[in-house]
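Presented below are the structures under discussion, each in the form of structure tokens.
One chain, subunit A, links the two complexes that follow: it is found with subunit B in the first and with subunit C in the second.
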Partner chain A sequence: MLSVMKRPLKRILAIRGIAQVLTVTIGLIILCIVFGIMNPIFFSSRNVANLLRQIAPILLIGIGQSYVLITGNIDLSIGSVVGMSTMISATLMTKGMAPSAAVFITIICCLAVGLSNGLLVSFAKLPPFIATLGTMTIARGIAQIANNNYNTDSIGEAAQGFRDFFYYGKTLGLYNTIWIAILLWLIFNFLLTRTKSGRHIYAIGSNAEAARLSGVNLVSTTTKAYLVSAFVSCIVGLVTTATSGMGTMDAGNSYELYAVAASVIGGVSTLGGQGLLFGTVIGASIWGVLQNGLQFAGAPVAIRNIVIGVIVVVSVLLDVIVRSKNVAKKKKSASSM
Partner chain B sequence: MDSPYIVEMEHITKTFPGVKALDDVRFRLKAGEVMALLGENGAGKSTLVKILSGVYTRDSGSITLFGNDIHSDLKPKQAQQLGVSIIHQELNMCSHLTVAQNIFLGHEACKARLLDNRLMRKQAAEVLQSLHIDIDPDTVVGDLAVSKQQMVEIAKALHANAKVLIMDEPTSALTSVEINQLFALIRELKAKGCGIIYISHRLDELQHIVDTVTIMRDGRFILEKPFADMTLNQIISNMVGREIKEKFPRIHTSKGRKILSVQNLCAGRMVRNINLDVYEGEILGIAGLMGAGRTETTRAIFGIDPKQSGTITLDGKELTIHCPQDAIREGLVLAPEDRKKDGLCIKLSIRENIALPNLDKLCNAFGIVNRKKEDAMVAQVVRDLKIKLSGPEADASSLSGGNQQKVVVGKWLARNSRVVIFDEPTRGIDVAAKVEIYQLMNELKKQGIAVLFVSSEMPEILGFSDRIVVMCDGKITGSLLQEQATQEKILELATRFENKFALER
Partner chain C sequence: MKTITESDVDKGVISMKKLSLVLLVLLVVSAMFAQGTKESSDYKVYLITMDQMDQHWVNVDKGAQKAASELGGIEYKWLAPDVKDDAKQIECINNAVAGGADAILLAANGPNAVTAALKEAAGAGVIIIYVDSAANFPAVQTLATDNTAAGTTAGKEMLKELTAKGVKSGKIGVISVNSATASTVAREAGFRKAFEGTGFTILETQYCDGDAARSKDMSANFITQGVVGLFGANEGSTVGVGNAIAEAGKSVIGVGFDKSDMILSLIKNGYLLATMAQNPDVMGYEGMKTAYKALKGEKISPEYFDTGVSVLTKASL
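Right, the complex of A and B next:
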């Protein structure tokens, strides 16, 4: 009787929210073609490699924000955690600590921020906007205090391995940063779609009360999402350190909003319960392609910002319109009975 | 287990601040029995089932579930584990997840710590099939019709091993075919040995499924009897039979000309073909059970919800009301049911609240508020309505319920309104304040303003209206003059549902 199971294509099309992902994928393809025609260098292997390396950090923080948005919350501390991760890791390495130990300590510190976010929101029941606004400010403060209110010096020769691992090195012809993003995406997509915790993340975003009454633990589920967000932000911070070879205090500034943009363009609902990490890939890619392509087209930064802002608003607007049409349809069928 | 009962509740008492919600209530349920729990609004039915499902804790009394005495407070989780499930009127599911995902929510099947979707889909399909529900377990719940969602919720409860199912107004949103399917499902559950507590105001439906009835009134247990031994009239007279102790300060004025006339008003499912006339010097009461469409009707008249058809005539002039602004301009105003949410800006001062709808009169051509005029208006409203306040700058939230209600009404009286609609004007306010609200309504009546008021309190409706219109399921089922009206007649009209079922009584 379950003939549906034997038709994988139909199953894929039945995934909630897949339609919007496919729409933006088409948009992404069109963008690429347009930029490719405008400037053939766009498709050169060198630019593609660079482009992918530009997209990787946005994808990573997008994964984190998507996790949190799907639970129906928001994480504003992402950018500050990136900055904190950069400053802590760079400071430790300039002080002569082995990169691996520095990375370990940095990850622990960042996870502490994620844990606080999760507990403040789910246990103390603060509004997520306020709770993470607070931790955002605190994390930025920690980033500044890490090296006594100065950017760090160069992390030096000893850390060359660290810089190659996170940014400059290549494996199988692709930059390591890209591999890191791909690997983490695979892991977190798997966790979100195939495990109990992942299922619960969708459930509490869809209807927290129903989930609670069904025995879902709101505190641990929410906290897990914030931990994922802090972890990927931490990795992006390490990538940033590797890129510049030093720690800058304002690294990651407004990344939390870029992360929202990548998620939302990719169809993740800010109201919770809905979203696919596949969409986040497309959202992050549109972001990266626009930055890269407009730069090639000679557009100044200001224009790039305006274009991206418009895209964010329009993609959400489309979603809202589609949704209100669906609601109207349902109401109509209900009143006609 | 020697007792045939799976649920036994004895001497249950529950007090909320100021109200005794349950007083020495008894409730029993056998396996395989469908028990109708009946009573008027506020009789204590919901409180009782909330105690059974662990949402509220009882003050005193004993609960025995499946032969086990529950000594401590019953917690929701414990009640669920013991097999008590509620199907709420407002369905409670994750609308973004699929049917199978919802059925397994909270106890997902896993293989090597990974979700075993194949198994869950298979088992969900089996549960659905065992109940003869034809739904694909892969469907997203939000895409299903309400009736199907309800069935999924029942399947979910059953999958969680529910043996006592509480259904709160399960048929209110269903069509006749769907009701048929639901009843078939209930019989299915009965055959499996589940006990079902069926709460409904649709007395006509009971005959198709109910074995026994328990009737409650004013938080008290009235009777438990096999359904077959009772007539509908007996049921109704046991549900009402409430003593009316309060006195109402009724005044007599002669009925004048027609002020407001509503013709063939339709607005959605809860407002169907409404015809109302209100005369000068008359208070018209709208009675009905919860969810009869009374609030929706007032909202449609006031222009909050869109109308599909119908005309509203005021003083012989036909009005076009698309939004509340239109209604206010014509002098048709509403004091809504939820004062704090819809009636007042609770964080603003009393002055600001009274001035809010009258800013057009208080501002000059540049939109600057004339404070002198504003203060004068506020002072007059406060004086006229005898609002007790520390000062006009105090927050509206600082007032008592009765005085808040006066502010809500007062802001409208500052602009010579012709018709004032009150939705539950005395809900949640004390007796003394109630009398003041009645006097206020009398004052309006004397001034020749038409008063329309919705109330769920039978004594108030009977004691204070000059004429009573009764609604049921979005329709007006009858109109009674004050002299003819009795509690029985009103309840009879308020439960006169369209017989969606093919069978005739």
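Right, the complex of A and C next:
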């Protein structure tokens, strides 16, 4: 009986990078308990529902950034793509376009940014930091130009269905935004862990040259990761439009960094090749819980920034220490042989 | 038939001299004449805004037009780039100077972008007056919204409504853009001032970067915390406040800033109590009057003219 119980546990513990995920999960639980004690409202059903809905967009962009980080690259254009998605969809709807058509066009535009990111990095061999810095400013420019340098008007009563679908509506007692995040997480987690493309994404992140020599197409694999990132950013932009009922040009500002934070807190390595999307869930949750809990605690914004910054650094430090220990262990076992 | 002699050539030289003399006289006379017409048909005043699209600038123009026709004898023109752009605004200033402007009413794009062009304009004797936003260059007067006073007005509106509902104490949430934007920081400070000495506690300000969706999240958290009032310091913040109140369906009093289609619809639906709208028409109207006085050589005071805010409520819409 005991051995049967032990086996799945062992299998879970054998997954690469699980140690950090478990550590931060414990951190998340402690954080929730502390905030709950400080302020009983924290666990009220209303706040839990709100909190989950606040975590959802961070989780979505976190999924995108995790994909890209696992390939050993980075996507700085996420926040701008969120803004671009918001402004394009809202502008089209204020001009009287049906929400479904507006959503379709918006997704195409955002995927074009993802495609450019992928090709610039893998085909043109630009450093990912520079390539996506460029598309970041371009996408923000498109967000601004979409409605001639203004926030849009209200998307109107006709778009109420759109607003309910992405944000205000509930299905089986949960807000739709949360369902969207769960559904996309399941899909992208499946693609990353259970398909050939997913394994290729890990492979080029661990060792691009080895992966290439064993027949992995670097261009298409890298581009796939950037397309995922652009797609989830696009969805977050649509959620933003639904939330506000209008388009704001500043939407999504610095979301790319939130996405990095959610990923690395959850144990995704910025060096590539390692990371679990379950970790990203924990990372995004820690981020969301901190924002929510520290607002209740009445902490000044400066303090909140410091706390979040420290957590990001500590979690990466944890990763580095664990990795160097592993390397030392391997060396030791190699020399003893 | 005369043959050409040396004296004829000399005469030619003389006639050339005469011609240039005549030309010179003509030039002087016409210059004097031009000066004369200027004396009789008064002044050329240009309004230069950040762009032409925004209703805000259209209203500044309307105000300036009204004052110009009331005062009489002013040749008034509105110049603006099609979209907000520093280089294009500089071009507008140069065009106004070349077009013989006596005064320019300017809504400066930024504090430093256009100062070189303004220096040149001032060198050409043009009087400069700022409307809406000033640059780092001395001008006769700046006519703009005093954001601190406007914030206090917003606070008083909220306080009035809370008192009317019999609420004497409670928590109030504030959503602003960031801690660096001078106008919204001033609005927030003014808002807090209105509640000094009352039983209300104003919670730590939340910053949403002007993103209405983030403001909505923060407002929802405030409502969960049990606030009785919410204040948004700009358009995005205010829309978030209104959306959160609309969703929670609670009787939280929401007061905001700016006048947009979305904010007005939130007020009409009863989710927001009021919004503070700037008075661009007053900027144009009073700015033109200042320009006229300055051109007449009158001394202008004050240096800073608060054009105030209008409180827009469901009743006033």
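Definition applied: the second predicted complex is superposed on the first by the 320 of 337 C-alpha atoms of A that agree within 3 Å, B and C clash if a C-alpha of one lies under 4 Å from a C-alpha of the other, contacts with A are read in each partner's own complex, and residues count from 1 in each chain.
By definition in this document, a contact is a pair of C-beta atoms (placed from the backbone, for glycine too) under 8 Å apart; a residue touches a chain by one contact, two chains touch by 3 or more.
Bear in mind the structure is a predicted one, so any value in this text is a computation, not a measurement.
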item: Touching partner for A:Ser244 - first (subunit B), second (subunit C), both, neither; value: second
item: Partner chain in contact with A:Ser45 - subunit B first, subunit C second, else both or neither; value: neither
item: Touching partner for A:Gly205 - first (subunit B), second (subunit C), both, neither; value: first
item: Partner chain in contact with A:Asn151 - subunit B first, subunit C second, else both or neither; value: second
item: Partner chain(s) touched by A:Lys196 [first = subunit B, second = subunit C, both, neither]; value: first
item: Touching partner for A:Asn253 - first (subunit B), second (subunit C), both, neither; value: second
item: Shared contact residues on subunit A - subunit B and subunit C; value: none
item: Residue ranges of subunit B in contact with subunit A within the complex; value: 76-77, 80, 92-97, 101, 105-108, 110, 113-115, 118, 121-122, 125, 136-138, 140, 142, 145-146, 173, 175, 268-269
item: Residues of subunit C touching subunit A in the complex; value: 51, 53-54, 83-84, 179, 203-207, 209-213, 216-218, 220-222, 224-226, 235-236, 239-240, 243, 247, 260-262, 265
item: List of subunit A residues in touch with subunit C within their complex; value: 41, 44, 46-47, 50, 53-54, 86, 148-151, 153-154, 168, 239-240, 243-246, 248-254, 291-292, 295-296, 298-301
item: Footprint of subunit B on subunit A - complex, ascending; value: 1-2, 4-5, 11, 14, 16, 194-196, 198-199, 202-203, 205-207, 209-211, 213-216, 273-274, 331, 333-335, 337
